[in-house]
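Below: a set of structures, written as structure tokens.
Consider the two complexes below, in which subunit A is the common component and subunit B and subunit C are the respective partners.
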Partner chain A sequence: MSSPAPRVGVTVASPRFARPAALVGRNLMVQKAVPYVWATGLVEPVFYLLSIGVGIGHLVGKMPGPNGAEVPYAAFVAPALLASSAMNGAVYECTTNIFDKLHWAKIYRGVVATPLTPRDIAVAEVASAVVRSALYSAAFLVAMAVLSGTRSPWALLALPCAVLVGLAFAACGFMSACYMRSWTDFDKVMLVQMPLFLFSATFYPLSVFPRWLQLLVEAAPLYQGVAACRELCLGQPSWDIIGHLAYLAALAGAAMAISTRRATKLLTP
Partner chain B sequence: MTEPLVMARALVKRFGNFVAVDHIDFDVLPGEAFGFLGPNGAGKSSTMRMIGATSPRSGGELRVLGVEPDDYGPQVRARLGVVPQEDNLDTELSVSDNLYVYGRYFGIPRRQLRQRVAELLDFAQLAERAGDRVNDLSGGMKRRLTIARSLVNQPELLLLDEPTTGLDPQARHLLWDRLHRLKRSGVTLLVTTHYMEEAEQLCDRLVVMDRGRIAAMGSPRQLIERYVSREVVELRFDDEEAPAMASLVNGLAPHTEALADRLLLYTEDGDLTAQAVARRGLKPTNVLVRRASLEDVFLRLTGRQLVD
Partner chain C sequence: MAGTQVPMRLRPLHYFWATFRRQWRSDISTTFLTPVLYLASIGAGLGSFIKGGQVLASLGGEDYLSFVAPALLVTTAMQVAVSRSTYDVYGCKNWWSGAYRSMLAAPLSVGDIVTGHLAWVAARVGLASAFYLAVSAAFGAVHSPAAAADLVVGPVVGLAFAAPIIAYAITVRHEQPFVMIFRLVMVPLFLFSGTFFPLSQLPTGLRYIAYVLPLWHGVELSRGLYQGSLGAWPALGHLAYLVVVIAVGSMAASRTYRKELAP
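Right, the complex of A and B next:
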């Protein structure tokens, strides 16, 4: 039998970016082992697009687009589904998973004993969720082009935009997981996520709401993604997009900062 | 003199108002096996976590491998191995992937790591279980895997928090054997335990901890010589309460301790004392003459038993 003969002097240097990358590698390894989890995230938005965009689209007909010109309902709703599925995927990926690893599986207790810091863990988990959400979004964009007849080259820019939505919500998901005490707390996440999905001008234009509700929706995070993706996918970009993206980036940054603080408290008491 | 691998001076850890570690001083020298003996809640694990750079200190001085663990966390952890009290293996990965992924956290290159994983599987006697899921392993196997995992980065200092708690005697002896082997290969061991047998088996030097403080420090032999006598006569009583009998053995031994169900007589010659007990006409249900252990040291220092 061989003895590992550990000797003094083996100092493993790991550059800053390499530390979270090792945990992202771990997550990919686990996901490769359960391929069906990949399928759900792809299939869900496509089902929405078929049932609501194409199905209800037959009854609804046309909708006013961002610049007022009428567009087919499927083309109107598809970019919103792109943004919402980026949100749903990221939140799902981050909250339940992270809570489990934090409190039940205690995986992170082992991880913080290595050179990785709680910040590295937050970065890695959010990055893993973003990678996954980006793959879903890319696949959905293809499905969208086929099913709703999206043709504008601007639509390609909807991908990074959806990735930013994924980033912002993954960071928010990690943050909420850090504050949860039990599984029932997930109902509170649903309580936020569900209205965001339904009311962020996802299925009809903002103009149907009374003014006060419009203001509320315009201040909500998912609306930024829906509005930006819609303008890009319909080939009608405006300068507003810059504002939407800045909002999402700021949300991501704030959520990451809070996540890091909270995770540090939890994991290195 | 060789520089200590760990140096603590007036080290304090507070959680809110609770003082878990209360101004302790100690040095751990390269190559030794150093133990923290004490009951649950004595502050052993808190001390270990501060040394392991996963818990900031609340006061005092601490140097690990020559630097402040609070300032150089990743660098310190890169050179440590940690076996936590509770197994925290990655249940979503196989046995060998647990080692592989953990090695990646230390930035070990893939090719080098694959060879290292094979060595560690051998060391932990888990080569046949390499592809199994972690949850299918027995408690002893999980513990061995956790120890193997802690060695993936070839640590200079290995921190073991209650390494054999919850294991059956056979699994425990197998683990002790692995730890002795590591020590011979030059790894410095830091062990917390509430088993005196474990402390006696593994540690060159140890501190007895109680309520966040160090009650005594020395080698197991030194502590026994300093705080208790060579031998102990245990008198077990059936009906009467042992404490009530305490006055009847007055003068038979330099020191006696009364527990709920038995009397302990600390003496240099157990057989002579046992005979004296018989001459006095006492009729305990059981008389046991044994060598004094660290359990006796703990009892003497704190007035309490180590394991209830």
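Right, the complex of A and C next:
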């Protein structure tokens, strides 16, 4: 009996992974108690797809895609909703919940009394959010194929892409939660999340904006996910995707590093 | 707001006002900015792709921005009201702030607490409506001075959500059900109540569901007021419906509050 095997979930050999896996198992156990919260998380992005893609799409008609050719509006907006729901899901999962566990429920006080380190906590929480986000994204892709007629085989690659968006924003969410002082600070998270959702070329091409705003949008994190998912789902991939993915990976790495440092500071007596 | 002349049923406002004074900056940033961002992104941005921002017969002869703007006032009223009547009720009831217990220890009755909480929700919605009205006017989406009446419609819609929801929120034992209210009530209503596209596009069955739900009545009122085309009878009909929802909700709230808070 060398490595501490988690009581719930999978048994992992290396303690380096077993420690965070134990906390992921704990999170899964807690979430099993509220299955309806899981289930409804699947529905919400589909509501958006129906209202914006199908409903508003009826009024819009067609929209120019990444290569300039016109595509039906539902097909245009659906990949962007995939990326933004990955962001929203990850942020939702990783901000208030983490703040609660840190300062109110004080779950991590108990966790750091075990062999788990603050770094393990950051890894486990982000991993839990990513698992959930991946499930939602997969379900959304199916809904998208049905509702917006996505047929390109490239669209399958939009799933790992959306998972990377989830990872980057889960790490950012965890990082923000570590710096929050009160519940009202979460309004500041909304203040970042809302403009990202509404202005990352989500609902229309970048060309609407004046040049300076285009540059700003192109530098924003959600735009990377929207652009990559859109090119893949419409079957028009370009080399830009590599850049978008590298950006998201770098963001995830940086946010994880800061999260680990901050969590260590908060949780070390 | 000090002084003995304040009626008992409005005394809880002292508490809400005191907390608001501490938190107004962050509260306002979300409740004020969210609808404005939607107006800019969907109304103006996406609207420019809908017949080039020109008027459209299927939108009742309006351009898309003017079609969406009045509806966003009402959806904001709903969102502010729902967020102020879920976690706030839970927090006031439980150890979080426990303010209801303190109010009961004062000479306030359970009925005063219900009225006071609802009055606060109405005030917050009124504030958000006033701000939004000014911004949408700046966007050029207001076409009639009658739109000022939305300062009443906003709080009425807000109360039509707040009253039944506080009646439920006081009974919950943990916070998870609130997520369900957001996802299964608020989001579909926000998206499918004739807000972003005309109800006539919905399948018949769904359309009748939308007619029953309170948000659509608010959207119709607000849209008529922004255009200055609201007839007296439809206005009365929609208002009467909302008032009935408020009355039933408040009665339910008095009962559940009494049951939960009675010592």
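Keep this in mind: the second predicted complex is superposed on the first by the 254 of 269 C-alpha atoms of A that agree within 3 Å, B and C clash if a C-alpha of one lies under 4 Å from a C-alpha of the other, contacts with A are read in each partner's own complex, and residues count from 1 in each chain.
By our rule, a residue touches a chain if its C-beta (ideal position, glycine included) is under 8 Å from a C-beta of that chain, and two chains touch if they have at least 3 such contacts.
What you see is a predicted model; the values in this text were computed from it and never measured.
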| item | value |
| --- | --- |
| First, second, both or neither for A:G41, with subunit B first and subunit C second | second |
| Partner chain in contact with A:P269 - subunit B first, subunit C second, else both or neither | first |
| Touched partner set for A:I56, first subunit B, second subunit C, both or neither | second |
| Sites on subunit B touched by subunit A in the complex | 15, 30, 49, 52, 54-56, 73-75, 77-82, 84, 86, 88-93, 97, 101-102, 104-108, 116, 119-120, 122-123, 125, 149, 151, 153-156, 181-182, 185-187 |
| In the complex, subunit A residues that touch subunit B | 1-15, 18-19, 22-23, 25-26, 29-30, 33, 105-107, 109-117, 267-269 |
| Parts of subunit A lying in touch with subunit C, wherever the complex brings them together | 34, 36-37, 40-41, 43-44, 47-48, 50-52, 55-56, 58-60, 63, 184-185, 187-188, 190-191, 194-195, 198-199, 202-204, 208 |
| For the subunit C and subunit A complex, residues of the former touching the latter | 23, 26-27, 29-30, 33-34, 37-38, 40-42, 45-46, 48-50, 56, 58-59, 64, 176, 179-180, 183-184, 187-188, 191-192, 196-197, 201-202 |
